[in-house]
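Here come two complexes built around chain A, the first alongside chain B, the second alongside chain C.
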Partner chain A sequence: MSFIPGQPVSTVVQRIEIHKLRDGDNVILGFSIGGGIDQDPSQNPFSEDKTDKGIYVTRVSKGGPAEVAGLRMGDRIMQVNGWDMTMVTHDQARKKLTKKNEDVVRLLVTRKTLEDAVRQSMMQH
Partner chain B sequence: SPAVHHHSGLSSELRHCTGYTPQLSTAVLISNFSLFPHALIPLSFQDDNWGETTTAVTGTSEHSLSQEDIVRISKDLDDSVGLDCKRYLNVALSVILGLVVLLTPLAFLILPHLLWPDRLRACGTACEGLFISVAFKLLILLLAVWALFFRPPRAGLPRIFVFRALLATLVLLFVLSYWLFYGVRILDSQDEDYQGIVQYAVSLVDALLFIHYLAIVLLELRQLQPFFSLCVTRSTDGATQHYNLGQLSIQRAAVVILENYYKDFPVHNPAMLTASKSRAAKHLAGLKVYNVDAAGIAQSQSRAMIAAAARRRDSSHNELYYEEAEHERRVRKRRARLVVAVEEAFTHICRMQEEEQKKASGDVMDPREAAQAIFPSMARALQKYLRTTRQQHLHSMESIQQHLAFCITNNMTPKAFLESYLTTGPTLQYGKDRWLARQWTLISEASVTSGLNDGTIFLLKCIDFSLVVTTKKIPYIQLAEEFIDPKSHKFVLRLQSETSV
Partner chain C sequence: MRSILHVSLSKTFRPNPGNKLEFSLCFLFFFQDSDIQKKIDYEIRMREGACKLLAACSQRDQALEASKSLLTCNARIMAYMSELQRMKEAQVMQRVARRSSDAGPMDDRSPCKGKVAISDLRIPLMWKDTEYFKNKGELHRCAVFCLLQLGGEIFDTDMVMVDRTLTDICFDNTIVFNEAGPGFELRVELYSCCSEEDYSAGSTPRKLASKLSSSLGRSAGKKMRAALEPGACSPTSNGGGATILLPVPSAPGPKYHLLAHTTLNVSHVQDSFRTHDLTITGNEECSYWLPLYGGVCCRLAAQPHCMTEQMMSGCLRVKLGGEPQGWTNVYGVLKGTNLFCYHQKEDKEANVEPVLTIGINKETRIRAAEKDPHSKAQNICITNQYGGEEVTHTLAADSREERQRWMEAFWQQFYDMSQWRQCCDNLMKIELPSPRKPAIVTPKQGSLYHEMGECVQTPFYTFTEAVAEFEALDQGCPTLLLAIDCPANVSPCFRQAWSPDASSSSGRFRPRTLSLDAKLSTLRGRGYSGFRCNCQPPTASSVSPRPAQTALSCSSSTSSSSSSEGSNSQESDLGFSRPSGARRSLRNLRAKLDPRNWLQSQV
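== the complex of A and B ==
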C-alpha cells in the first residue's frame, strides 16, 4: 500500500456492500472512519506508512451492518460508490458515506492481508 | 607528618609505607641533620634493622619536629633575608630614575640662564606660555609615574618584572640621548634662542608622556582582555576553578591565580584526606614482597603484584559505601541538633530599643557579653558537629565567640550565624595563620618571565599541597547571523478526528 505521490496507487481490493440500517431518523453504517488529506497522518495507528493520508476504518461496531458485510478494523477505503477516497478530506469522505438518498454503499477496501493472500496463491502456482 | 609504622619486615618496604618517595624522605632527614643537630628524631638510618627498634614518631610528640615544621622554619629564614634586599634595591632604582626624569626638563630650562644669561634673547609671550605647559605636563607626569610605578606592590615576584625593566631602560636611554644632544648642540655652542630651548624641553616632556602611555598599555591594558583560560586544580582534593586571563607572564599569572585562590577555593583541610590514606595503606599492607637477593623489584614482578591485588576478592568498596552512608547519617543528625540548639540560644537574646536603654534597668550587656552568655548552651552541639565534619582545628573558641558577637550586633538570624560552620568557606574566612601567604613556590619548566602560551603548565607549591595550572587558549569564536522575519511565525492545526458513520 505504499504510494508514490503523483503515481496511481495499485493495490488488491475487496468489494464490500453495506446495507444501511435505519434507526428512526438516523441511518447508520456501523463503523467509524479516520484520516484524510487535512488530517495528521502520523497519528494513524493502522497505516504502514505514516505519511499515508487515506481514509481508514478505525472502529467497527459489533453486529452492525459493516461487520456483517465483512468490513474489518484497519481497512483502508479506496472507493465509495465510485467516488475516490484516496485524496479526499475527512469531511468529504463522511459526506460520501452518509448520503441520505442511498441505502446501499459499495466500498472498495484494501488491507495488508489481501496482498499477502494473493501473493501466497501466486506462489503456489 | 610521616608516621613510621612498626613493621615486621625488611627496611626497604618501610619507606613505601610512609607514603613518600624515597628521595624526599632522605632529603628531609639530611636537611634536618644540618639545621637542627639537636633534634631528637633517630638518625641511625644506616642500620638495616632500625625499623625493628624505633617507636612510632608522630607530629604530636613534644620533642619531635614534623617535616612540615622544618620546611616552614627554613622558608621563614630564607624569606626574611632575601626579600627586603630586593625590595629596597627596586625602590632605590625607581626613585633615582624618577628624579632624573623630573629634573631633566627643569635643568634644560635653567642652565642657559645660569651659564650665559647676558647673551640670551628675552623670552616672549609664546615662550612664557610654554613654561606653563611644561609645568602642568611635569605635574601630570609626576602623578602618573607615582600611580603606575610607586604604589606598594601587591605581591613579591621571584624574577624582575620584565616590562618594567624594559621601560626603565627605554626611559634612561631616551633621557641620556636628549642630554647628549643638549650638551653638544646647546651647551657647547651656547645657543641664544631661548624659545628653541624651551620648545626642546617641552618636546622631551611630551615624549616622556607618550612613553608613559606605552607603559600603561603594556603593563595594565594588555592583560585586561581575556586571551587564555587557566584551569587550576588542587592536588590534594581535586578542587578546580577556571580563570580567564589576558597575555601575562607566568609569574604575574601566578599572582592573579593566588589572589583568586584565597577567595574561591575551600580551605585546605588535611583531616579530610586521612580516610583515603588509610585505605591506600591497607592496600599496600595486604601484599608483602620480600626481596632477598637483588636490590629493587623487576618490572615483571611488580606487574604480577598488581595482577594478584586485582584478583584478590577485596570488599573494601563495600566498606567504603557503608562507611560513607553512616557518616552522612551521623553528620545530618548532629547538624539537626546543632540547628535546634542555636535557634534556642538565639531566642534568649533580645535587642534593647533606644528608649529602654535610657531606663537602663539591671542586666544590660554589650554584644561580647551577650555572646558569652548564650555560648555555653550551644557550645557542646557545635563542638560535636565540628568534630564529626573534621573542622574542629579550623575554629577556636575565641573565634566562635567573636563571630557570635558579630552576628548578634548585626541582627543576624541563627541560620546566618551557622552558615560559616555548616559549609567550608574560602581560605580568607579563617585566621591568618591558615593563609601561608609567604610560603608559595612557583615551579615551572619554562622561564617564569616568559609569557603564557597554549599548553603551559606550572605548579604553585605550598607546604602541604600544590596547585596545578594548565593553560588553554580561548577559542576563536566565529559568529554567524540569521534573520527571522517577525511575520514568519505561522502555525497550523494537526487534527486526527474520528467520525462514526
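== the complex of A and C ==
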C-alpha cells in the first residue's frame, strides 16, 4: 500500500460492516485505532511504509463487534460510512467512527494479505 | 629591594592581559605565591597530557573528551594567572598606600564566605517539529558541556551528546564552590562542538571567512577572518563578556565553541529550581548551533559560613523566668539565625537540647545596655518580635571585653546576613556530589520513545493498568498493578492479561487517562517488577460501577491514549466505563498536544 502524496490510492479493500454494541449510554465498536495526518507515522507498527499516515486498527477486542465482523489488527481503514479515512486527523477519524446516532458502520479496510491473495489468484489464471 | 622592583614595574610596565607574551614575562618576575604557582604547574602538565592524548587518539569520543579537558585546563590556567596578577596588584597598592598614609582604622568589615552549589542544570531545546519527526537523514549531533567559574575555581560538567531526540540538555553534576563571597559571580558557559565534521577541515564560518577574505582584499579580509575566528577575543576578564577560554590555534582535533553563557549571583540563589536567561552567542549558520530555548534551569544554593558554623561561643549569664535576680549561667553558641544557650559546654557536643534559644535575624535588635555604675554587669539586651509581641532577653557577659566580643560577633552576624540576604533565611541543603550509584534502570539519555520502539514488533500492551493503579491509589485502594517489561516478558504478559483468573473484571475502577511519563518513571524506578495482578474492588466513590477490563493495546510510544480502556476477552459483556467528560477532554488535549505520542483511540 505505498502511496504517493497527491496521487489517488488504489488498493484492494474488504467491506466490513460492524454493528455497534450498545450498553446503556455507551456504545462501542470493539477496536482501537491509531494514526492520522497529525500523528508521527514512524511510530506505527503496522504500516509498511513508515510515512503512511493512514488510520490503522491497532487492537481488536476479542469477541467484540469488530472481530465478529471480520476486522483484524493491522488493517488500514480507508472509508467509514462513505467518509474518507486516508487523509484525516486522528480525532476526525475517531469522530467518524463514534457518531452517536449511527448504529452500523460500514468500513472499507485493506491489509497486505488481501493484496497478496488477489495477486496470487490473478497469477494462477 | 624586591618591593622597589614591584613598585617600579607597576608604574612603568603594566601587564596587559590581552598580550600573552607580556603577561607571561611578568610572571617570570612575580614568583611569589607558590600555592597558585603549584596549581598553574599542575594545570600545565594536565594540558600537555591532554594535547598528547588528543594527537594520539583516533576515536571521536576520546577526542571530544580530550578536547574538553584541554579547554578546561586552559581556562584554569588563565584564571590562576589572572588571580596572581590581581594579588600582585593588591599587594603593590597596599604597599604604596601604607607608605603614603598611616594605616587608617581598618574598620570595614568583610562578610563571611560560604559554599555555593549549582546542580541539576537543564537547558531546554526548541527543535522545530519537522526536526522531531524526521527519521531519515543523518542525525545532527553535538557534544556539549558546561564550564562553570566562580572566583578562581573552574569546573566542567560531563560531556553530553545532543541530537534532535533530546528535548533538554541535562547535566547531572553537582558542583560545589567553596570559599565564595556574597558578591560572587558564577559564570556558566555552554560549549558545543559539532560531532560529525572532519576535525581538521574547520567549520563553516571559517569557510565563509576564507571566502570573504579572498573577496575583500588582503588586509581587510585578514581582519575579517580574525574577527570571525571563534574565540579570538581577549580572554581574561571574567564577567566582561569575554569567554573564559584561551584561543588554541595549534591543537588538532575537535574544537568547542561558546554557544551560550550567563552569570549568576547571590540574587539568583534559591532553595528550589529556577530558570535563568541565557545569552546565546552564535547563530544558525554555525556548525555547533543548537536551538536553545533561551533559558537554563538549575538549583543554585548557598551556605554562608555564618549559617553553618559556630561564629561565637562563650559563657554568659541569662535571666530566665520573670525574676530580676535570677541569673542563670549558660554556655552560649551563636550559629546561623539563633543564639543557643546550653546548660553547659558539654551539652552542645552531647546534642542535648539547649536551655534557651534566642532568634538572631534581620528583625532582631541588640543593644548593649549601659547599666548603672553600681553593678558591674555587662548587659546585652536582645529584642525579638514573636508573633506581634516584643520579647526581650537580657544577657550578661563576665567582663567588658567579653561583652565587646559578643557585640562584635552580633554585628558581624548582622552584616553577613545583610550581605548574603535570602541565603540566611533558612539553611539550604547542599548535597555533596557522591560517587555515581548504579541506577536500577537507567533510561539512557535519549528519548523514551526511541526505547519503546523496541516493542514495536511484538504484540501490544499498554500502560493503562498503570494508570488504573494510579487511579485506584487515588481512591485509596491498591488494585491492579501491571508493570510491563518489554520486550522480554511479552507473551506471558499478554496471556496473563487475558487469563480468566486475572480477576480484573471484578475490579470496579475507572481507568482514567493520565500523562504516562510520570508513571513510566515510577515503573522504571521499581525496576519492572513483572506482572502482578491483584486487584480489589475500589471504593464506592468511583463514578459508575462497571466491570472493568484490563486494557491491552500497547503503544510503541509513551502515549496516553485518549480513552484507553480495553475489553476483557472472557467476559461476555463488554461494558466499560469512561472517565468523566471534562477531565478526559483535558487529558486528551494534553496527550494530543504532545508531539511524541502516537495516539490510539478506542472506538
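Going forward, the second predicted complex is superposed on the first by the 125 of 125 C-alpha atoms of A that agree within 3 Å, B and C clash if a C-alpha of one lies under 4 Å from a C-alpha of the other, contacts with A are read in each partner's own complex, and residues count from 1 in each chain.
Here, a contact is a pair of C-beta atoms (placed from the backbone, for glycine too) under 8 Å apart; a residue touches a chain by one contact, two chains touch by 3 or more.
From a predicted model like this one, the values you see are computed outputs, not experimental measurements.
Participant: Can A:G34 be said to touch chain B (first), chain C (second), both, or neither?
Facilitator: Both partners, chain B and chain C.
Participant: Applying the document's definition of touch, where does A:R59 land relative to chain B and chain C: first, second, both, or neither?
Facilitator: After superposition on chain A, A:R59 lies in contact with both partners, chain B and chain C.
Participant: Which partner does A:Q43 reach: the first (chain B), the second (chain C), both, or neither?
Facilitator: In the superposition, A:Q43 contacts both chain B and chain C.
Participant: Which chain, chain B or chain C, is in touch with more residues of chain A?
Facilitator: C
Participant: Could you look at A:N101 and tell me whether it touches chain B, chain C, both or neither (first, second, both, neither)?
Facilitator: The answer is neither, since A:N101 touches no partner chain.
Participant: A:N26 contacts which: chain B (first), chain C (second), both, neither?
Facilitator: A:N26: touches chain C, not chain B.
Participant: For A:S10, decide between first (touching chain B), second (touching chain C), both and neither.
Facilitator: Once the two structures are laid over each other on A, A:S10 reaches no partner at all.
Participant: For A:Q124, using the defined touch cut-off, is the partner it touches chain B, chain C, both, or neither? Pick first, second, both or neither.
Facilitator: After superposition on chain A, A:Q124 lies in contact with neither partner.
Participant: Once the two structures are fitted together, what part of chain A is touched by chain B and by chain C alike?
Facilitator: 28-29, 31-34, 39-40, 43-44, 58-59, 61, 90, 94, 97-98
Participant: Quick one: in the complex, what on chain B touches chain A?
Facilitator: Touch list, chain B to chain A: 494-501.
Participant: Could you pull out which chain C residues touch chain A in their complex?
Facilitator: Touching chain A: residues 132-133, 135, 449, 453, 456-457, 460, 498, 552-553, 555-557, 561-562, 564, 566-567, 569, 572-576, 578, 592, 595-603 of chain C.
Participant: For chain A, which residues count as touching chain B in their complex?
Facilitator: Going by the criterion above, the answer is residues 28-29, 31-34, 38-40, 43-44, 58-59, 61, 90, 94, 97-98.
Participant: Spell out the residues on chain A that touch chain C in their complex, using ranges where they run on.
Facilitator: By the definition above, chain A touches chain C via 21, 23, 26, 28-36, 39-45, 50, 58-59, 61-64, 90-91, 93-94, 97-98.
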